Amino acid sequence: MKFAMIGLGKMGLNLVKNAVDNGHEVVAFDLNADFVKEATDYSASIEGASDIDDMLSKLPSPKAVWVMVPAGVPTNSTIDTLIAKMDKGDIIIDGGNSNYKDNLEQNKRTTAAGIKFFDAGTSGGMNGARNGGNFMIGGDDAEAWQVIEPLFKSIAEEDGYLYTGRLGSGHYLKMVHNGIEYGMMQAIAEGFEVLEASQFDYDYEAVSKLWNHGSVIRSWLMELAEEQFAKDPHLDAIAGRMHSSGEGKWTVQESLDLDVPAPVIYLSLAMRYRSLQDDTFTGKVVSALRNGFGGHAMDAAK
Amino acid sequence: MKFAMIGLGKMGLNLVKNAVDNGHEVVAFDLNADFVKEATDYSASIEGASDIDDMLSKLPSPKAVWVMVPAGVPTNSTIDTLIAKMDKGDIIIDGGNSNYKDNLEQNKRTTAAGIKFFDAGTSGGMNGARNGGNFMIGGDDAEAWQVIEPLFKSIAEEDGYLYTGRLGSGHYLKMVHNGIEYGMMQAIAEGFEVLEASQFDYDYEAVSKLWNHGSVIRSWLMELAEEQFAKDPHLDAIAGRMHSSGEGKWTVQESLDLDVPAPVIYLSLAMRYRSLQDDTFTGKVVSALRNGFGGHAMDAAK
Amino acid sequence: MKFAMIGLGKMGLNLVKNAVDNGHEVVAFDLNADFVKEATDYSASIEGASDIDDMLSKLPSPKAVWVMVPAGVPTNSTIDTLIAKMDKGDIIIDGGNSNYKDNLEQNKRTTAAGIKFFDAGTSGGMNGARNGGNFMIGGDDAEAWQVIEPLFKSIAEEDGYLYTGRLGSGHYLKMVHNGIEYGMMQAIAEGFEVLEASQFDYDYEAVSKLWNHGSVIRSWLMELAEEQFAKDPHLDAIAGRMHSSGEGKWTVQESLDLDVPAPVIYLSLAMRYRSLQDDTFTGKVVSALRNGFGGHAMDAAK
Amino acid sequence: MKFAMIGLGKMGLNLVKNAVDNGHEVVAFDLNADFVKEATDYSASIEGASDIDDMLSKLPSPKAVWVMVPAGVPTNSTIDTLIAKMDKGDIIIDGGNSNYKDNLEQNKRTTAAGIKFFDAGTSGGMNGARNGGNFMIGGDDAEAWQVIEPLFKSIAEEDGYLYTGRLGSGHYLKMVHNGIEYGMMQAIAEGFEVLEASQFDYDYEAVSKLWNHGSVIRSWLMELAEEQFAKDPHLDAIAGRMHSSGEGKWTVQESLDLDVPAPVIYLSLAMRYRSLQDDTFTGKVVSALRNGFGGHAMDAAK
């Protein structure tokens, strides 16, 4: 099918290449013209667009547009623009890491306009986007899903896409996926922390390789550990600062909204925040209290 | 090679079958004679033994004995018996889920007796034991390791065994492996808990299948989730009581001994303990305190 | 001073009695006329009102109204009503357990209307409200604060009130106070849980009494523990279901908004949620996974 | 009564002064002769001893010795020495922060020797030791308890001592007291961390003072916070490194031995360990994994 992609960053460009490799035609647009050129240079099946109007004019009806720009304001304003410019029966796919609550709000407006709206969570990283991704797609219109399913089928890893039902359920599932990811990563990392502190001397590349061959904890994350330890056996080159991009936090927030305990996912997130603090007021207060009752020495501030 | 297996339970018997399938000869012993018969019925390469003396008499020197009985007292007393009956140069492999601290103690006595001692942690479950397991083997004598390496190579998944160095390091690594396993399982489970509480209606078999095809969290544990949801889509038949067999606890205890934080592994364990409590004294105290200051109603005991 | 109280529940009525005991005059209003009667029966200094208009008509200018109704919709709609009916220079005090974010929104409208707005968090329970409470009061107009300070001074425990600065800071401080309260309660309760599970046999009333006389953990919460254990030595009559009314959750949500770790406050909340679940999907999933790889038995659902 | 004190550090010396102020006579011994001199200079009721034999020779029978030296090896070897030198009917009080498991072992030997053994946990800090402490005393011989009760009664805060029953139960209760203390401190500290990160600007001395006058969280720890904030309003002079001296860890270890969840006490301890790490291997592993799947930048090691 022919569709448009807005956003040609590391994920969007790889998805476009993946799509044309699989026989689709793409109208590619990005605010950065260099990115558009990089896309059109890749294949004659990719047509560049100079702006959103130009992009839309190059699509057959019903027009289908995939939005793959940063989550939050960029995605939301892009979708607002599209709602204003697109027609009844057209299709918008939000492929970013959007919060499902934003999608639920947008869905009121797309529904009013007769536009078919899908929220597609994407996992698998850049390599997945390029060679076979993992997609969780929600949308209220199951018929319109039939129109775009072939696209997802062709660019996904085999069995790597799922229509999850109601609008919002795609990004919701991706959010929870990321929450699980946080917890799995922290669990793996704590294990290596214990090994590092232990009386034994392990070769972490060999350990992670071993664990990927028949152990209960074999996983793609452990394969990534193996690759990273192969490059830097003790990770000496990097600091243990753990950034995050929001979906772990959303999972915790959602668990709070639902009154459901999620201690492992919470702690995975909290330890990330802790890793970004050089010192803590918490620590100062505890240290001051210990001094207060027991005369325990307080370390001086650096 | 020819070796003896003590303990023909679900793990030991599968390992014996795996070994003879791969050309080894086994002298099989278990306190339960029915288990011995089940083993000898499987293959002419398996010889039964009526007791430990009989078993040892059927082995060529240096004799190699693999102990695969329950961890703790059964394993420890079996090893003590073997130390008393075996000779300098003989080999003992502790294949159970032993605590590495027990192994460090035993190693003093095996070393004094000139017996080569190995601690072999085993992962991969029953299926791994039968068709290709995952082994982490420590032992102070790297030369003696050469003698038994072919055995492990033949019964392991490809690349599924590792000689980890000093005695104790095998079970230590297995212990940490299980700690990671606890954390990964709890992370996965919390994710499904959020999905279950959510406003959306997911097909968990489809979700776990999806996540196994290209997502960041693809893993053997997620494949097991897929299998279990295929059998019981909402796990209605089972209770959420999470038992544990010790190695997660040991990992937490080790982290405490090392003054290392391991919050996700700890919480995975603590939530298991919590799942086995019908009610908690903690909850009663908190409820009573809330009543004390705010007059909040307390629920009556059942 | 003369002021109006809207809301004559367990907190509001006690505050009214406290105020008139200290020489103030009160116009008392509640949707429930019985509550109004109960108030006016208490003292000639309490005048009943039949509705908000009646109430306002009985106040001298600048009029001061204290809102003490349930947090959320009841408080917010009451404040909206007051904004519409009150004049420039009048004073509104939100004394409920409101979320400070609601106050920040309301403050835009009160500011536009020239109404002086204060958010007063209240601690100390019913007894405090009656005999000397604890108040944290925010408000942008430090001059107007002078007008109402004498009221707070007279009904607070000595040194038991604080003007905390900008509007919102009062309820914010109360929110954090409650977060701390959750953590302290859970810490105390976990300690008693360990005692209860221990090999020793303690008299909890005696223990909490002891701890209130010279120990590091002496506290009002421990005094409440002593009182409760005096009534029911093992808390046999009550279930360990820990309800919550929102401010602990808000504290955790705020910590997430601020990217700050608050693991103890979070866990205090999460264990409350857990206490309200009879069984968990988390537990079912972990149990099913253990069965999947190790053949471990699963407990049947009840 | 007349008794001996071994160990004249900050706790022991204060207890000795407290005891003689209350009419007791003390034979004081410490390996450091300067400490002995400091004690004997204080009062004519304090007699110095040059070694343990000298000390014992100065006591009437039945002899009573209070051991107040650092927990672990120093306390345990001192008790061993005393067992060897003391007679049937004599009394040993272990007043240090000993692990109750050590006491249970020692009790076998004291019982065999007919020596009356007590384990006395002490709370209240140095000031308590000097002016009225808090004591939890276990010991199998309730009759012998009658002999020493007057001593404890006179040096304790009113109602500040409790005979807790079986030997070991005193230090056990003190251990749990400290576990609660860890949790309460961390809860308080997390609250101030949220305040510090918030959009508001609080005076922490004023806040803690307020909270000590009528709020639910009023407590001695909050009074200590008030004192410390009075000295250093933002604790700028100190680092947030939280040391610990063992009893919090023992409480967690005990909870693990009992299969009881104690998440808040555990997290309080784990965050202390975390505060002593400049960087973490956990963080490096998580950062490397994020880079592996998402190309997320890793911060360089310092």
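Read from first to last, the chains carry the letters A, B, C and D; within each, the first residue is number 1.
Assume a contact is a pair of C-beta atoms (placed from the backbone, for glycine too) under 8 Å apart; a residue touches a chain by one contact, two chains touch by 3 or more.
Just so you know, these numbers come straight off a predicted model, no measurement behind them.
Looking at subunit A and subunit B, the chains in contact with each of them are C, D. Residue numbering at the subunit C/subunit D interface overlaps substantially, since over half of the positions present are found in both copies.
Of all the chains, the one whose CA centre sits at the greatest distance from that of subunit D is A.
Annotation: 49 Å between the Cα-based centres of subunit B and subunit C.
Chain centres here are Cα means. That of subunit C falls 34 Å from that of subunit D. Subunit B and subunit D, compared by their mean Cα positions, are separated by 39 Å. Shown for subunit B are the residues in touch with two or more other chains, namely 124-125, 186, 188, 190, 193, 197, 216, 220-221, 259-263, 267, 270-271, 274, 282, 293.
Within the complex, the subunit B residues that touch subunit C are 10, 124-126, 185-186, 188-190, 192-193, 196-197, 220-221, 224-225, 227-229, 232, 235-243, 245, 263, 267, 271-272, 274-275, 279-296, 298-302. Chain contact summary for the complex, subunit C toward subunit A: residues 216, 249, 252-253, 256, 259-263, 266-267, 269-271, 273-274, 276-277, 282, 293. Per the touch definition, subunit D reaches subunit C in the complex via residues 123-125, 128, 132-134, 136, 138, 156-162, 164-166, 168-169, 172-173, 176-184, 186-188, 190-191, 193-195, 197-198, 200-202, 206-207, 209-222, 251, 254-255, 258-265, 267-268, 270-271.
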